[in-house]
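We call the chains A, B and C, going by the order they appear; numbering starts again at 1 in every chain.
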Amino acid sequence: MSLDRETVRQTALLARIRLDEDRLERMVGELNGILAWIDQLNEVDTSSVAPLASVTGHALPTRADSVTDGNDAEAVLTNAPDRVGGYFAVPKVVE
Amino acid sequence: MSTLVSGSTGDWEVVVGLEVHAQVRSESKLFSGASTRFGAEPNSQVSLVDAGMPGMLPVINRECVRQAVRTGLGLGAKINRVSVFDRKNYFYPDLPQGYQISQYTRPIVGEGSLRITMPDGERVVGIERIHLEQDAGKSMHDQDPSRSLIDLNRSGVALMEIVSRPDLRSGAEAAACLRTLRTLLRFLGTCDGNMQEGSLRCDANVSVRRPGGELGTRCEIKNLNSIRFLQQAIEYEAIRQVEVLEDGGKIIQETRLFDADRGETRSMRSKEDAHDYRYFPDPDLLPLELSEDFIAGIAASLPELPETRRNRFVSQYGIGEAEADFLVTEPEIADFFEALADGRDPKLAANWLTTELFGALNRAGLPLSKSPVDAGTLGGLIDLVADGTISGRSAKDVFSEMFETGQAAETIVDARGLRQLSDGAAIAALVDAVLAEHGDKVAEYRSGKVKLLGFFVGQVMKQTRGTANPQLVNEILRERLAG
Amino acid sequence: MSDLLDLDIAGASEALDARRVSSVELTAAYLDAMEAAAGLNCFVTPTPERALEMAEASDRRRARGESGALEGIPVGIKDLFCTCSIPTSAASRILAGFVPTYESTVTANLWRNGAVLLGKLNMDEFAMGSANVNSCHGPVENPWHRTGDGAGDRLVPGGSSGGSAAAVAARIALGATGTDTGGSIRQPGSFCGIVGMKPSYGRCSRWGIIAFASSLDQAGPLTRTVRDSAMMLGAMAGHDPGDSTSADIPVPDFEAALTGDVRGLRIGVPREYRVDGMPDEIEELWTRGRDLLAQAGAELVEISLPHTRYALPAYYIIAPAEASSNLARYDGVRYGLRAGGDEPDDMYENTRGQGFGEEVVRRVLIGTYVLSQGYYDAYYLKAQRVRALIRNDFDEAFGGVDAILTPTAPSDAFAIGEHEDDPIRMYLNDVFTVPSSLAGLPAISVPAGLSVRGLPLGLQLIGRMFDEETVFRVAGVLEQAAGFAHRPSGGA
């Protein structure tokens, strides 16, 4: 599969990464190279193989339902680039 | 009863499916130990996990799992022994991780059903699935002129998304479905169903078609936060779609919002590029595996469900179906009723509860949980009427005072001297005195003016300040006058 | 002072135990050496004050008779581990100014075991890279130089834990933490002539480590010797209820596994690791490793891992896919860099466009693309199926062998700037390390010889899941037999 410029632009938009035209152009070339190389996977017959998402082999552990965290708004907010009182602030969302 | 919409070119059938987001009742969040309590200071119930801080990892709350299973069992649904948590990727300021942990291809609960009652009979609504997911935070757009403010207290709270099949055929049916579901969730104790606080939200997928024809293109109406709005939105949307189609237009598949002030739905700004959620299994979590024992344990602890309880009320207590329907709208009402009916005439108990107590609660704008009168206190009053201690007439006054003060019936009756005089000999003596005093009237009565009985009753009651048992007074008077 | 720096962790622990040296003295020596070797650009945030405080506290504990497994040992921490009150950058502009209010489980374990923090170490941005040239703090320089090279010819230390490997090799840290997703501990270990250990997936908690690819990331130690590696891993590892993928099994005494005896062990040699274009010297080194283990009494067995060549392309789907999602949280809202924008989407695009370096952008885009609608099955699911095949290959192989011996990397260290415009060439650095990463297996790189250019080369030993003990046991014997005693010309 090969990626055209527009697809790369769309992908960058989906990933919320601004690319100027130069960078975009470079990415088109590089991503195509990488995807072409990845395509060798198609040589492998995987029709009877289940995908492996986790190698641990154990079941999902669960925790008890008790309040053990929170209650420290300052720890949550201390690194915020912009805040208003106890809130994070971002450029206004245009609905 | 027809649910069809008649247009200028003929009838149209409305097809509705619901996606209900029910906040799971739990102390802490789905993947973190922060509290789920409503209404706290901004960002005070946020763990580093909920804030999407670097390197933070989710650990699942087993009570939330249990609640989802309980809900599934309440809907008679298939519980999936293995389910998978996926990431739904999108950017929004109140979504700190940049993805929502949800379940996509393998939800925890599979197919089930819900029976709803409409005026013309029952319908069975298919439930497609229930999955567990995280709630997002909250954005506020009107507190600052140039900025939106973000509170992450809700971020990470567990939600159950309950998805119905497109089996509903009107706004009224959708409303009944949501109402029935809310009641069920409350009986199960898995969601408090409070739509004002947002613990129950609903999206509706609405389309129209010619009766029995191919399904039409649907629109999704998002974030309906009351049952009334759900019904209104669907009714508006169905007519809108019919009009578009009859004008030769096409329905565009889109997300719409309900404007409650105007009573209409409107299109949200379409962001098609943002709709690639890139679901994939969350590598921070492993598949959730449930043992048969775990599921069986929950099944064994399931409470009596509203439908069963309603039927039992009708058969065991002999009360009417409409009254039974009302009594099972909330588990607290049903429990109150059963406590009140215990050892008493159930019909009388139902009547006192639904008419007097709910009348007073509604006037005072209180829910049953805040009622100043509990089942024991109200029961005390009913008992005093039943054993003749007070008259039915004084009972209403006692109830009014009881509702004001929360005092026991006996206390009020004694303080106000309302105890009924039921001593036959004492009443006979009073009657005799009254008859002796009004010899002329006795003669008139005996000559045929029987209407005077009322006058004699009035005299006796006056003497006793209304506490004489009126039945006894009547009986004795008739006896004496006849003699 | 240089005598002090020559001690390895085991030696330093002995000297501390015998009160021949205090942790403060040892730490001060390292702080001096760090300053002297600042040109290598290993440390991005040195923490001398914290180091001396911790060393003093350690000396007091020791005086009270309390002594942890790494008591008083000064170490460096890859800047991917969140450290409370100390800036943590993942070598990315996007985390500018970020100071965690929390401590990663692995570093907390180290401090509980008495270790002393020298500072935070340079790395490839978000652990993406094999040369430590992708860092907002600039490249790290390998203390090794090619024979005959001038002082201006600078080599990469490998990556992504390049700062960690270079610091340990240059003797400006006694040990260092690294993380390994596809080879990021082992390959720099090989390039810098030290021991790099990636334990089994789930052995060390990932809590508080900035995520690159969650199903692959593992923390591990970079040390001068196999014994140090065993000691340090023991102090890092352990079950953590805060990480759902952390293994709830006891941590064995890894040091006790160093019996020096491999007689009767069966060591597999996978024929598929003989890749096209592999330099002769790598082949020769591998042969030498086999001979040394055979001489020590192990039985060398040729094995087949048929899907080896598909590991790297599968990895370059899975890791970027997970990364594209893991890195979505860097949006300028709650921490780190925020660039301007009229509305949130604008702000995101500017922040992420300015905040992420080239390699990160490349991988986030690849990951976003392979997960996007219509491609998920063809790429992501396909890769996860291939991953299953690779795991199966290992499972079958381990039916007949106790450990597997391979080269660590297909080359020795290259020059800073080399391969930079050829991403795939760069990715091929991980050709031998990625398969065991995909399978979650423990693997170690042990320095085993020098290339013709006078640069270190490592051999890799791969073990069964959670059988780090056998890996250490064989590695100890290999280390002993190889007798690698060379020292880099740069550093302290």
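FYI, a residue touches a chain if its C-beta (ideal position, glycine included) is under 8 Å from a C-beta of that chain, and two chains touch if they have at least 3 such contacts.
Fair warning: this is a prediction, and the values are worked out from it, not measured in the lab.
Visitor: A-B versus B-C: which has more C-beta pairs touching?
Guide: A-B
Visitor: If you average the Cα atoms of each chain, whose average lands nearest the overall Cα average?
Guide: Taking the mean of C-alpha atoms per chain, the most central one is A.
Visitor: Name the chain whose C-alpha centroid is farthest from the C-alpha centroid of subunit A.
Guide: Result for the farthest chain: B.
Visitor: List the centre-to-centre spacing of subunit A and subunit C in whole Å, with centres computed as mean CA coordinates.
Guide: Once rounded, the distance between the two centres reads 23 Å.
Visitor: For subunit B and subunit C, let me know how many angstrom lie between their CA-based centres, rounded off.
Guide: 58
Visitor: Between subunit A and subunit B, tell me the centre distance in angstrom, where each centre is the average of that chain's C-alpha atoms.
Guide: About 41 Å, centre to centre.
Visitor: Any chance you could list the residues of subunit C touching two or more other chains?
Guide: Correct list: 98, 101-102, 215, 241, 244-245, 324, 331, 333-335, 344-345, 348, 368, 372.
Visitor: Subunit B: which residues touch two or more other chains?
Guide: 48, 51, 53, 59-60, 91, 93, 148, 150, 276, 278, 283, 285-286
Visitor: Which parts of subunit A, given as residue numbers and ranges, touch two or more other chains?
Guide: Expected reply: 13-14, 16, 53-54, 56, 58, 60-61, 63, 75-76, 82, 88, 90-93.
Visitor: In their complex, what parts of subunit B are in touch with subunit C?
Guide: 48, 51-60, 87, 89, 91-93, 96-99, 148, 150, 276, 278-280, 283-286
Visitor: Okay, in this complex, where on subunit C does subunit A touch?
Guide: Contacts found on subunit C: 97-99, 101-102, 201-202, 215, 241, 244-245, 247-248, 307, 309-310, 313-314, 316-317, 324, 331-338, 340-350, 352-354, 356, 361-362, 364-366, 368-369, 372, 375, 378-379, 381-389, 391, 423-424, 438-440, 465.
Visitor: Write out the stretch or stretches of subunit B touching subunit A in their complex.
Guide: 26-28, 32-35, 41-51, 53, 59-65, 91, 93, 139-141, 143-144, 146-152, 268-269, 273-274, 276, 278, 281, 283, 285-289
Visitor: Touching residues of subunit A toward subunit B in the complex: what are they?
Guide: Residues in contact with subunit B: 10, 13-14, 16, 53-54, 56, 58-73, 75-77, 82, 84-93, 95.
Visitor: Inside the complex, what are the residues of subunit C that reach subunit B?
Guide: Its residues touching subunit B are 81-82, 88, 90, 95, 98, 100-102, 104, 206-211, 213-215, 241-245, 321-322, 324-325, 327-329, 331, 333-335, 344-345, 348, 368, 371-373, 376, 380.
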